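What follows is a set of structures to go through.
Note that chain A is present in both complexes that follow, paired respectively with chain B and with chain C.
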Partner chain A sequence: MTLMNFIYGFLAVLGAFVFQTSLTGINRKVTARLQKRRGPKWYQQFIDIFKAFSKSSITHGWVYDFGAIMALGGIAATVIFIPVAGMQAFPGLDNIFVISYVLAVGMLGMAMSAAGSGNPWASIGVSRALTNMLAYDIPFMVVVFTLIYQHNTGSVSELASIQQGVGILGWNFFKLPLGGIVSVIALFGMLGKKPFDSFIAPAEIASGPMVEYGGKQLGMMFTLHELMTFIEVSLILNLFFGGGETLLIYMVKYAILYTFTNIVSGVMPRFKIDQAVTFFYKVPLGLAFIQGLLVIYLGWGY
Partner chain B sequence: MHEVQKNDRSLWEVVGDYFRANSIWMKWYCTGCGAIEMPPTMTSRFDMEQLGMGPMATPRQADVLLITGYLSTKTLRRVIYSYEQMQDPKYVVGFGSCTLNGGIYYDSYATINQLDKYLPVDLYIAGCMPRPEAIMNSFGELIEMIKKGEAKGWKHYKENHEWYKANQMDSLGEVIIHDEFHE
Partner chain C sequence: MTMIFIFLGLSLLLSYVLSRKQPTLGAYFTIIASLAGLISVYLLRNSVGVTESFYYLNFQITTIGWYFAMILLTVYFTSAFFNPFWMDELIYPAAYNSLYLLSLVGTIGLFFAQDLMTLFICWETAVWSSMLIVQQGKSRQAAWVYFVISAIGSMSTLFAVLLTMYLSGTSEITGALTYFTTAPVAGALVFGAFILAGLTKIGIFPFHVWLPLAHGSAPHTFSPVLSGGLVKMGAYIAYLSVAVFPAYQVFGDSLKIQGVPLPIYGLMILGAASIVYGTLRAIQQEDAKRLLAYSSVANGGYILIGILMMDQMAFAGGLMHLLNHAVASAAAFLAIAAVAKRTGTTKMSELGGIIHRMPITYTVYLIAIISMAGIPPMGGFVSKWLIFQGLSEKGLILLATAAAFGSIGSYMYVFRPLSAVFLGQLAPKYEHIKEANPVMVTAMLILTAMSLLLGVLPNLVLKTIAKIQIELGINPIIVNGTATLTENGSVDMLQVFTVFGFGFLLILILFMVLPKSRRVGLMDTYTSAEFIHTPELLHYGHSFYAPFERLYEKWPSVLPLYKRMSMKLSELGEWAESFFFHPDPNRAVLWIVVVAIVVIIGGAQ
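Entry: the complex of A and B
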């Protein structure tokens, strides 16, 4: 580990933020066009975040403040471990389990901070968010275990590079189609896109975990959300869509995948939280198990 | 009441005002009939999001408090609570003639007649009700005011807190609340 590793890690966080925030802004325009509106400027998301940072803020106790910083720190730390087009800050540390565990620090920080605000809507939002996490994580992890069994490695960059070089038919999405479908459905759950956005639900539970955030803490939450989106989309991209041979290919694939989730989200209604859990435990979990059995006993996907 | 000095902004405030002018998050309770004009302003015909404006779920997240139409004294208390929960550069927009002078409710015992006695109003939109064209036009005005640093009702509220509180108490009267926080 040299100084260069740390500089690269810092640049990765900065680059991820700028790229994902621009993409969010463009996708706000895409959503607007779906609804026959003109939509905001493409850099509107930057203005919103910097505006939130320019406002005053209050505290609801040290748990609230500490949780917000812990969440942002945990998520920013996770971004460093994500391999982007074969480049990593700390080579060899990009195991899927490392990423899941470091990601959990951020998630729990957010839950702690929101619950620390003392607002009942926030508690309902957090409980829904964690229930949602439990729902999408189990089918997703079954598929990931299948991948690990198949390739005998848990390294995200290796799993990505195995798929490269033989065109799109080398992607795990086409080699393991059922698992690929499960992972894309799980991506909707991870990103909180409709139909799995019941933990945000602005008109129902007043934006859930975000209810008491204002000013600088709200800015931190928005920054965190952009970074978390980057982690989740990157994970699915690396595991099932072959990552990227070069940075440009990676960014184009990333933009297409993220815009796809956004367009589908734009025409979907919302599941209640119990419906979302029932759905995840019926359809994606069933598909994930069938995929696992096919790989383990019939040797499919080689 | 004394006037707040104009053009005493630091460079940081000028930059902040640029961001605040281009990203206006609003909170409105459907206190009066004016709220019915907001859905057409939000949706595809007028599309307020192209100016960077959007609805927000809670007062903590919002920059602008919209008072959409007449305000009963019972609602006034909640509106004041909400206004005081908002984070600091915050603006109030009075909507329709009921907030200006009472409108058709000018002689009602249950509504207030003049909103700026209770909250620092930065901008009024006249009309009964103002149509979406008028709303979009006025928000263009509000954006210009924020950019120039003229929308400083929140500073005014801080500096003349006594005067506003006296007016509020005058209208609402004192209420003794029975719950675990006050006893």
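Entry: the complex of A and C
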């Protein structure tokens, strides 16, 4: 652990932010085209974030601020753990469980900050967000367990590099198609894309956890959302789509995957939260179990 | 070692005498006594293998016994800081203080017991003394249920102890239990009886019923001991019945699932059921203490699965989870007790916004739940990580799924008290409460520091666990500096912590550089154009997860079954009683004569 590691880590956070925020901007245009609008400029998302940073803001007490810092800090740390095209700021810290649990620090911080604002809408949003998490994470975890069993490693970068070098059919998405489908569905839940976006439902519960934020705290929440998207898409990309041999390939694959979720989300209605739970425990969990049993007892996918 | 028992025995008498004069003084004495116990047991760390006898009781120092005893003493020591402040709420303060120390003697004796009879006597001492303490809490019925379920465990232990001593001809634990490698059928019976005692004590589904009742209604100062400490007695029995008792050899011929014999796999499934059941029930609770009690049911499942695995990773994870859960759960219970001391309630919907009056207690609770939910950089993460790695390495996918469910479900239930008790709107009636007493704060901060230390430097404990694994002849967990290595993954928690700190620092700087925020009141929030002036109405604390709870609120419960069983049992008792006890004295004389005849005939043969 030298100073260089930390500098790389800082650059990783910055790069992830710039890349994902641009992509979000482009995808705002894509969504607009789906709805027969022209859409904002591609760099509109940057403008929104920096405008929020510069505005005056309010605070509801120390936990409101501390939670926001803890959330964004935790998410920034998670970005540093993510291997991108074989590159890592801190080699050896990319265990899948470490990543998914450090991510939870950020989520807990956000939930804490939101509930600390004293607004009941925020608490309802948090309650839905946590329920949503319980729904999508279980099928995804079953698939992850299967992957670890199959390859005998829990390191994300190793799992990604195993898939490389044999072309598109080496990807886990094609070797374990059921697991691949489950994880892409879970990605929709993770990203809060429709049909699993009831926890931020703007017209219904006034944006849920985000309701009280303004000024710099809102800017931090926007940034957090971009970084979290980067982590989640990268995780699925590394586990099921072979990561990337080079940075360019990684970014192209990433852009395609993210745009895909965005387009599908654009034409979806919204599940109620209990419907989302029932759905995840019926279809994706069933598929994930079938996949797991096929791999463990029949040796499929080797 | 005998000296420790004599010392604790004398100090329990002394605390009784002191408490009769001045209850608070006796309570302070329990802190000193448990601290002395903690230090003297710690000093025994290098005398593994030493045996000592005290009249009929035989003790031996083992690494595992030392590890368990240290966990228990830590919990007893820190919870004792709360005792002085609850003396005026107890009916029998003197009895409470001396029973507190008596249950400590019983549990430590259990962990150091060398022979089966000592094991049983210590077990009973701990169970009875804790039962009498639970009785002093909110509900007598809770003590009854605790007693009955414990009695099942006690009876099956006694059966196993007597059968083992009869068959093997020795009472020394290791010698007696290893005898069963040559007698698998009797071995299966003894294993079943022993593990039943373990299951009832850990509170594994379907024997969990006593746990929420007893933990939820015991005096606030004793709930942390019950949940963080006494439950671990069951874990020790589970350890004895799978690691000392040659369970994997005895069941060597049975059907194996991914290398695990079917009976042991069945027990693991019970562990998994406890995880899922405990999680779902904890999510439903409206009382903070009962919620934490159900979380103990869930965590007991992890511990049981981990210990039963007997491998490099999950076994180490299970043993470490014992300590992590003890520390975190004690801290969480103590934090809730501190709130209850100031507000007089543990019902979540009646509280709210306590953070603005008790920030330290809030921080303690926060760190405790981060550890309990298994989020880095706290201790709970490391142990759950090891269990996950172990389960996925063996391909035990069903158990792993239950473990994941419990882990993510725990975010839901631990956040409940955080949000409803500490965050949200502060009710005007709690406007003037103060932070907890400095003595209580000290105890809570000790536990908080431990949670953090266990998370950042888990190898301090994993070293001891590796020693235990070597003694058992299984592949030990590898510790290298600050890194923890396993067959299918590694983690360096110090680095994780540093990177996390780095991320936090970056954002803190960003936050500081940006324009300063204006402080507004809690009622100054967006309310969709409604005018609400009552803070209580703006507090979202009741039925927090209503849509999710609705999905399983109609699921069957085991409680009606137990109620029907107890009804039938008491009817049977009345029926039997009706033969012997009757207003007519002739009936009594008749039975005396019958018994006398039977005795005489029986004696003649």
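Observations
The rule is short, and it goes like this: the second predicted complex is superposed on the first by the 302 of 302 C-alpha atoms of A that agree within 3 Å, B and C clash if a C-alpha of one lies under 4 Å from a C-alpha of the other, contacts with A are read in each partner's own complex, and residues count from 1 in each chain.
Throughout what follows, a residue touches a chain if its C-beta (ideal position, glycine included) is under 8 Å from a C-beta of that chain, and two chains touch if they have at least 3 such contacts.
Just so we're clear, the structure is a prediction, and the values are computed from it rather than from any experiment.
Applying the stated contact rule after C-alpha superposition, one finds that A:G116 touches chain C and leaves chain B untouched. Touch criterion met: A:Q44 reaches chain B, while chain C stays clear of it.
By the touch criterion defined above, A:E212 reaches both chain B and chain C. Applying the stated contact rule after C-alpha superposition, one finds that A:A32 touches chain B and leaves chain C untouched. In the superposition on chain A, A:V166 makes contact with neither chain B nor chain C. Residue contacts after overlaying the shared chain place A:I7 against neither chain B nor chain C. For chain A, the partner with contacts to more residues, out of chain B and chain C, is C. In the superposition on chain A, contact is made by A:S57 with both chain B and chain C. Once the two complexes are laid over each other on the shared chain, residue contacts for A:L72 go to chain C alone; chain B is not touched.
Legend: residue contacts after superposition of the two complexes on their common chain; A:I124 is shown touching chain C, with no touch to chain B. Residues 54-58, 206, 211-212, 215 of chain A lie at the contact with chain B in one complex and at the contact with chain C in the other.
Contact residues of chain C toward chain A in the complex are 258, 353, 355-356, 359, 362, 366, 370, 373-376, 381, 385, 388-389, 391-395, 397, 400-401, 404-405, 408-409, 411-412, 415, 418-419, 423-425, 487-492, 495-496, 498-500, 502-508, 510-511, 514-515, 517-520, 522-528, 538-540, 544-545, 547-548, 550-551.
On the side of chain A, the complex with chain B involves touching residues 28, 32, 35-41, 44, 47-48, 50-51, 54-58, 202-203, 206-207, 210-215, 218.
Against chain C, the residues of chain A that register as touching in their complex are 1, 6, 9-10, 13, 53-63, 65, 68-70, 72-78, 80-81, 90, 92-93, 95, 97-98, 101-102, 104-105, 107-108, 111-112, 115-121, 123-124, 126-128, 130-131, 133-134, 137-138, 141-142, 144-146, 148-149, 152-155, 206, 211-212, 215-217, 219-220, 272-274, 277-278, 289, 292-293, 296.
Of all residues in chain B, those touching chain A in their complex are 15-16, 19-20, 22-23, 25, 43-44, 47, 49-52, 55-61, 63, 85-89.
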